[in-house]
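Letters are used for the chains, namely A, B and C, taken in the order the chains are written, and counting of residues starts over at 1 for each.
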């Protein structure tokens, strides 16, 4: 029994929490941005897959890690543009379009990957991001090896949280985005263009999702294989509800989620064969559902979420 | 023609035309506005007033024509241009985000988007100055959803003023206000005009136009039919100009009041733990129209829902046709012979994608005429629909047309038809003429009166004084979820009724 | 660019929409095939031959289409009432697993119908949970049904490595086999095509009849198209959506049951190559029409079966089938939009 608690006091656990959380942070921020502007983006799962694939492929051919991240962001934004044209300009069902984009982006990733890298015995690998200990801070006991010894992408994720939180709460742009998600007619009456704002948010949001995907192949692992995103995108959609559409709470949600995930991984080694490992693997998904149910009552959903906006139509 | 056009206009619209598909909304409309002037744009529903103002503000692109503000020609279809030129608009359906604060609503879009920080302090100060200057109180940190309708309208006005509007357009500003609130609003508008702002307000109410405007432009069928200084005209002339061919609204004959069919004593209704109706008393008799008058948002929606099976009584007793109502569903009530005209045709009255016959029988699927063993009997249903189309003069479709294609008036006739064809004992009509043109209003009124003379008990819920006075035998006002005692409509005037709607019930003669 | 609603839907365009969408998808996919260096027309010829070129090919295509008809119906039934059941994959697996679990319990004579019902019930239970969560707590069922898919697949993995493990499978994680009397008969000898196809087609016709002729069909469509008007008209929304959930979940569960009884004979985590998700594509290509689902399922199945053969011959990744069908879905959405709207000047 004490072993179960001891796990909580290992540095390894806490270091891995941030690592597990990183793709979730990117994905949740991306989905949150889209939803704040009033558009549900269920393309997330596919966009993360594509980001993972194109990021890896770029690094495989160029050897430059940051080129991979940028390629993922650009492709993510393009998929975002496709989602935006269909749901914002045409006003199609956000549910069906998002799923369509997920199916398309995922299968397109697999196709491109297979074209570029024919089947081999073991999947080829790249030099992934190394941990980058932040000078001085990483020497702090406990916090140093956990918080400040991570890959640059993790630091980037945290920076994005702070930036997005500031933009949403404190800047004219954030206000414009929020009002677009609450009532696009109000935005239009103030001379803003809700359509452009939505398109912009979906593109930036989708870019974040794709960067989250690229973390999987460029930092967490060093190779790409189909179905590697494993429902992380859907978890992010649940985390957005949990976060009540606030970036800082999204960070909290992602960390909590990652803590459970990291804990269950270690628990498996302790408990061994007594409990089937599948039960542990189910936990994150069960947890997401529970979080959704608990938060559904308190959540203040953006009022215009999933309501298409057409100029001159009420 | 007496048309005192201003010599140096701050605003001029020239030759504006706009069509929506086959419908002409505006044709060659030209209007000008002088500094410090209050101009009324008078016209019936569907005369094209709102479309014209939406073109001016840049919400719609006109097919032709131009808008000039102080010698600069506006780019069409861009609200930002209109705002920058000093045009502010107070929409009839407020363009506010309910979950944001007053200040946030007002500040949106007023600063460069990519500034690193919103200048909240400066905005707060500017807002305070504006409030003081025009005598408009507003709490900048209140959430808009917590405000009353009147307060929300004030926020809309402040939004326009905050953008340094010099020309203010108000679309039916008094539609949602009680009479005292409306009077206060016009006072504020006068102050603004005195300070050099120019104002256009849209209205179809002759009284307020005569009282508050300097000049009036009359629109009919999308064209300007006349322009008058209010000092040089009167209500009768304006009414004639507005309506053109006078559609006679039907007159009410004597009531043949029969036995009581609905009796409410001390009824409370709670929706989402808010008491929406409190301690209401009323009784409804066969062969009479009971009018419930009130400004929208005072509980009349729930009152209609209560008798439509969508809301249920809490405390008190409510008997309908001799039995307590309890938690009756819409189907129960329909089976009992209650007809229901919903407040909002488009969202509640019909499924737009369905055909006419499907909408005609959707609420009557429990009826053995239209279904057997779980199967829809489409042949009798189509016949039922055909009868409605013939008897109630529904135009623009066959039983197999999509209902979305009907005009508002014809959709309302379909809804009346499906309720009245079987001769109901009770008819609940909520805002039955909202948004209809004069011809359709007359048709609806005569249907209501015809039902009454056949012994149907009609509960008319309306916010239109003239309509209620014309149709109802007895009238009760609804204010903040409470009902006034009933008074006889004969001998009642609009002023007295206005006071009732504002909650002044002392000295009413209950009948 | 602005759009305005058409007064009427042009019938030619309405019929042409799916065809245009498919053409678009095939053209874009052609570009992708060219990218791989393979000859495009040869590739399409091989896809066609792979799907329809021989008796074996045709039976394979029909075998593939069988579960897709049912999962496509599951999506169509739900989407008509705007119940976003994205969980057909999970319901499929749970239905299959239920058949494996109860296969040896039910008596042989009634085994086939009884197990079909058992499989359908498993699917029902799985969909009723998220739909109740939506009706009761307002939890978006898209996310819950999606997450349940992962949970169910893990549960299947747990079962076939644990209490349902086949001890004779040489360590392969697969379930105990379905008893022979519960296996569906072959329609064509020496092929995999089984009587499940007939069941699927009959069910599709039944669903079509339900939509077209029954009170429930009209009410569920009303609840989807305009819930407020439906509620005002006295349609019992909760009850109707609950029934929709039962029908949709049942169809997906039935798909899993039939696949196990007709093709594999046992459950493994490779039972479904995404039948549940592909069902959504099928339903959308059919514009949610139950009869249309049969044809859409045939197209999608042909694409997959044909692409397999083409892939082996020309070394084009077989994922081209997934790319084409998902593109067709997106193109279909746009095509349907233009049956309702046109570009305004």
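The rule is short, and it goes like this: a contact is a pair of C-beta atoms (placed from the backbone, for glycine too) under 8 Å apart; a residue touches a chain by one contact, two chains touch by 3 or more.
Every value quoted in this text rests on a predicted model; they were computed, and no experiment measured them.
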Report task. Please find the two chains that have the most C-beta pairs touching each other. Result -> A-C
Report summary line: If chain centres are mean C-alpha positions, then the most distant from chain C is chain B
Query raised in the report: From the C-alpha centre of chain A to that of chain C, how far is it in Å?
Result: 28
Query - Gap in Å, rounded to a whole number, between the CA centres of chain B and chain A - result: 45
Report task. List the centre-to-centre spacing of chain B and chain C in whole Å, with centres computed as mean CA coordinates. Result -> 47
Report summary line: Expected list for chain C, residues touching two or more other chains, is 2
Report summary line: Touching two or more other chains in chain B are residues none
**Report entry** Residue numbers of chain A (touch at least two other chains)
**Finding:** 311-312
Query raised in the report: Across the complex, what residues on chain B touch chain A?
Result: 54, 57, 59-60, 78-80, 82-84, 89, 91, 93, 95-100, 104-105, 107-118, 159, 163
Query - Residues of chain B defined as touching chain C within the complex - result: 20-21, 61, 308-310, 329-331, 334, 340, 342, 347-354, 358, 362-363, 365-366, 371, 374-376, 378, 402, 405
Report summary line: Per the touch rule, the chain C residues reaching chain B in their complex are 2, 4, 7-8, 213-219, 221-222, 225-226, 228-236
Report summary line: Listed in rising order, chain A residues that touch chain B in their complex are 170-176, 178-179, 182-183, 185-192, 300, 302-303, 311-312, 314
Query - Residues of chain C defined as touching chain A within the complex - result: 1-3, 32, 35-36, 79, 84, 86, 133, 137-140, 142-144, 146-151, 154-155, 157-158, 161-162, 277, 280-281, 284, 317, 319-320, 322-323, 325-327, 329-330, 333-334, 337, 341
